[in-house]
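Take a look at the following structure, please.
Per-chain numbering from 1; labels A, B and C assigned in written order.
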Amino acid sequence: MSVPEKLREVLTGLKSLAIGLGITGRAFCEKNVTVIYPKEEVDNLASFHGHVELVGKEEAPDVPRCVACGACAKACPSSCLHILCPVPAKEGDEGPVKMGPAPQKGSKTPGQVILDYSLCSLCGQCVKTCPVDSLRFSHHAYFVATDRKAFTLDLMERLRRQALENCL
Amino acid sequence: MQAFDPNALRGDQSSVRFEPGPTEDKLILSMGPQHPSTHGVLRIMLELDGEYILRAEPILGYIHRMHEWMAEQKTYMQFMPNMGRVDYLHAMAWNWAYAGAVERLAGIEVPERADHIRVAVTELNRISSHLLWWGAYLLDLGAFTPIMYAFDDRERILDILQDVTGSRLTYSYFTFGGVYGDVPETFAARCLEFTKYLRTRLPMYKDLVTDNVILRGRCEGIGDLPVDIARRYGATGPVLRGSGIATDTRKAEPYGGYDRYEFRIPVYTECDAMARYMVRLDELETSCDIIDQAVASLPEGPFQAKVGKTLKPPKGEACFAVEGARGKILVTVRSDGGPKPYRVKLRAPGFSNMSLFCELARGTLLADAVSILGSLDLVIPEIDR
Amino acid sequence: MNADILSLSYPLTRLVLWLVLIFAFIGLNALILVWVERKVAGYVQLRPGPLHVGPIGLLQPLVDAIKLMAKQLVTPAAGDKVLFWAAPLLAFAPVTVCFLPLPFDARFNPLPMNLGLVLILSFSGLGVVSLCLAGWGSNNKWSLLGAARAVSQAVAYEVPLLLAVMAVAITAGSLDLYAITAKQGGWPWQWYGVKNPLAFFIFLVCAVAETNRAPFDLPEAESELTAGFHTEYSGMGFGLFFLAEYANMIIVSGVAAALFLGGWQGPFLPGVWWFLVKIYCILFFIIWLRWTFPRVRFDQLLNISWKWLTPLALLDFALAVVVAGLGG
């Protein structure tokens, strides 16, 4: 390559370096985009899919709409939902009532709804499969715990607590 | 303290082929599973002469999670979340490939609104994947700021997709016959706003990075990929388009209504890392064009076809190809009539793209190897599945 | 004890006092410089940088230093223990001496010598030996590659650095930094940086390369070599390398300020402040470079030095000689 061409190439190169410095220099003077949690918070959590939670009945918000059919537990790819209902006692069985997975004969409401969130992949199949729309996604984005057991959620307990808070 | 056992460093069955020879000149290096530039757990055994690579061999399997086996244990719909995790950067494309294969097998027709939505979200996801690739590639080359700018732009896409799907990375939005839920009313406006914004950012990327003389020195003339080698290894996507072959699944085997949109497939003939880089940067613009057209003509209608609760496709086999950010994704589903698939085969474009790394890296410097690896845009979880 | 030995006029006392002051200066400046670098890096990347420790994160470097001191010192099992631990000490040792000739103000002159420049250049060359020892003693192939790169890079960029400095020395007629600074004036048109911009440019590029800063930071290339020559160091070993890098940056900026920007000369403010302002301007520029550009490839790095900078520096040196010889 001839000398003036080479020189022009070098000058273009140096100019590109200067332009790059200009861009980062301008960024240096601009406002930061960081949202410094917990002083500030993001504003779009309303569409965030946190773990699922139960939906209460209109007339009794602390009672879930759930009819203990077990469809959600069956639809889940990771088997993280456990709907437990009292097992009808067999003839001659004495002793405390045992809990078993839904559906159980004679149970129209769940005894316990346990979600093992550490297995959940937030696919939403449980929400979609529920025939009575008893499950929905919460917006719980800042879920932090020091113990793994905290991720096994008692959803009925959560519903009752939410109903109480909404009443107050 | 334990005495040091020299046999401890002998190696495993993969590195045995890399035993140091009689001359002490060669350095055997394991660009090991833990390395900042291998984009995941990829292990590359290198034989170096100083800084020149004489031989390179990849060792895979460090993140093999047995997705295809899981497909045989779960029902058709239960397997959908897995597809978001195979290649988490372009999860929508994998979702589409699997959903498309099952729809083809079961004869389900997708309504038009769902098609438009699918195209829009997949292209948005493609843009976010390319932005992350761009930032990470520059990080490998030693520039620490472009990744931050790329992630700032990417956050806007993630906000839009969060409003649509609720997730920010591993989407499980597709269902058989449509999508999981309808898009909010602001979706079209936000997409158009975003594409307008991204088009104003592209000149900044060009000024800061593409025209930068140091980057050109790192990318131009590096990793020359002749067309016959690309064909031999089955490379697809930007890797192939950087070698002059203008093939794109969206135009060659149109799906989801892509034949309705007008867009340009960027092709560069230089065959080097710079060509692949330019292809991906131009694809950002192409995706913007497609999104503009898809949301501008969003029709009314159902977002999901009527499909029974438990899907039991008839016996048979179907495959579906999708253009992912990395190349051609092909999913083959074979059914035996039951609720669970008999076999699901996932063809990852990264696997073929990575195989040609060894031929490309021979004779180059170590720094060039890092540049070539970055230009191939590999996501190791997709390669290992 | 002889009362004389404690008086400031006694050279040994002055030297010891100055060395203590220099240690304090290095320590304080390294802390400040770490904070400045992280904040500048943050703002360039549209994020705040250190924020929570102390007001606007000012105590972050202090806390980091305490953390480094508290870490376990790990020696690689098959590495050469003596060489491995000699390396960080050798990296830090020459730094202190290099501060002595820097002309902070016209009145300070702890060790009057007429070869200040030679002292700085020779002692900063010792830093490369420490990189070599670190790379070899780590028993780690990545560190070895980093060390090998460091040696070629340092050798390559010494030559244009020396030539650029010599050009200025010839123009000023002395190798003493105090004399060179005194020959310049307070206003920009009186600086050698404006009279000989090519030498200034070459010096800056070589300075960035000699201190292993991006875009020439191949020996510690984070994304290729994991961490290069200091991969195996933890705790204070790494801390000393870190400290030495920042101290080297300050020295090299000090030399640039003295040679090209008029040193302590300037209106209104006392000399020391001007010197510090100029040092920090150059430091800010070096930091700005790091966070903007990708890394240069190794052979391109050597090409720049041997094919471009050295011939240009020779040309500049020849021109300076001619101009000085003509009585300029």
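The rule is simple: a residue touches a chain if its C-beta (ideal position, glycine included) is under 8 Å from a C-beta of that chain, and two chains touch if they have at least 3 such contacts.
The structure displayed is predicted, hence computed values, not measured ones.
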Chain whose mean Cα position lies farthest from chain B: C
Most centrally placed chain - per-chain CA mean versus overall CA mean: B
Distance from the mean Cα position of chain C to that of chain A, given in whole angstrom: 51
For chain B paired with chain C, centre-to-centre distance based on mean C-alpha positions, whole Å: 43
Between chain A and chain B, centroid-to-centroid distance (C-alpha), Å: 26
Chain A: positions in contact with at least two other chains: 17, 20, 23-24, 27, 33
Per-residue overlap in chain C, given as positions that touch at least 2 other chains: 44-47, 291-293
For chain B, residues contacting two or more additional chains: 145, 149, 152, 208-209, 212, 214
Chain C to chain A touching residues, read off their complex: 40, 42-48, 51, 288-289, 291-293, 308
In the complex, chain B residues that touch chain A: 74, 77-82, 85, 145, 149, 152, 155, 159, 162-163, 165-167, 170, 172, 175, 180, 184, 204, 207-209, 211-214, 309
Residues of chain C defined as touching chain B within the complex: 41, 44-47, 77-78, 141-142, 144-145, 148-149, 214-215, 217-218, 221-224, 226, 290-300
Interfacial residue positions of chain A with respect to chain B in the complex: 12-14, 16-17, 19-20, 23-24, 27, 33, 44, 47-49, 75-77, 121-125, 128-129, 137
Contact set on chain B toward chain C in their complex: 4, 27, 29, 35-37, 50-51, 138-145, 148-149, 152, 208-209, 212, 214-215, 217-218, 365-368, 370
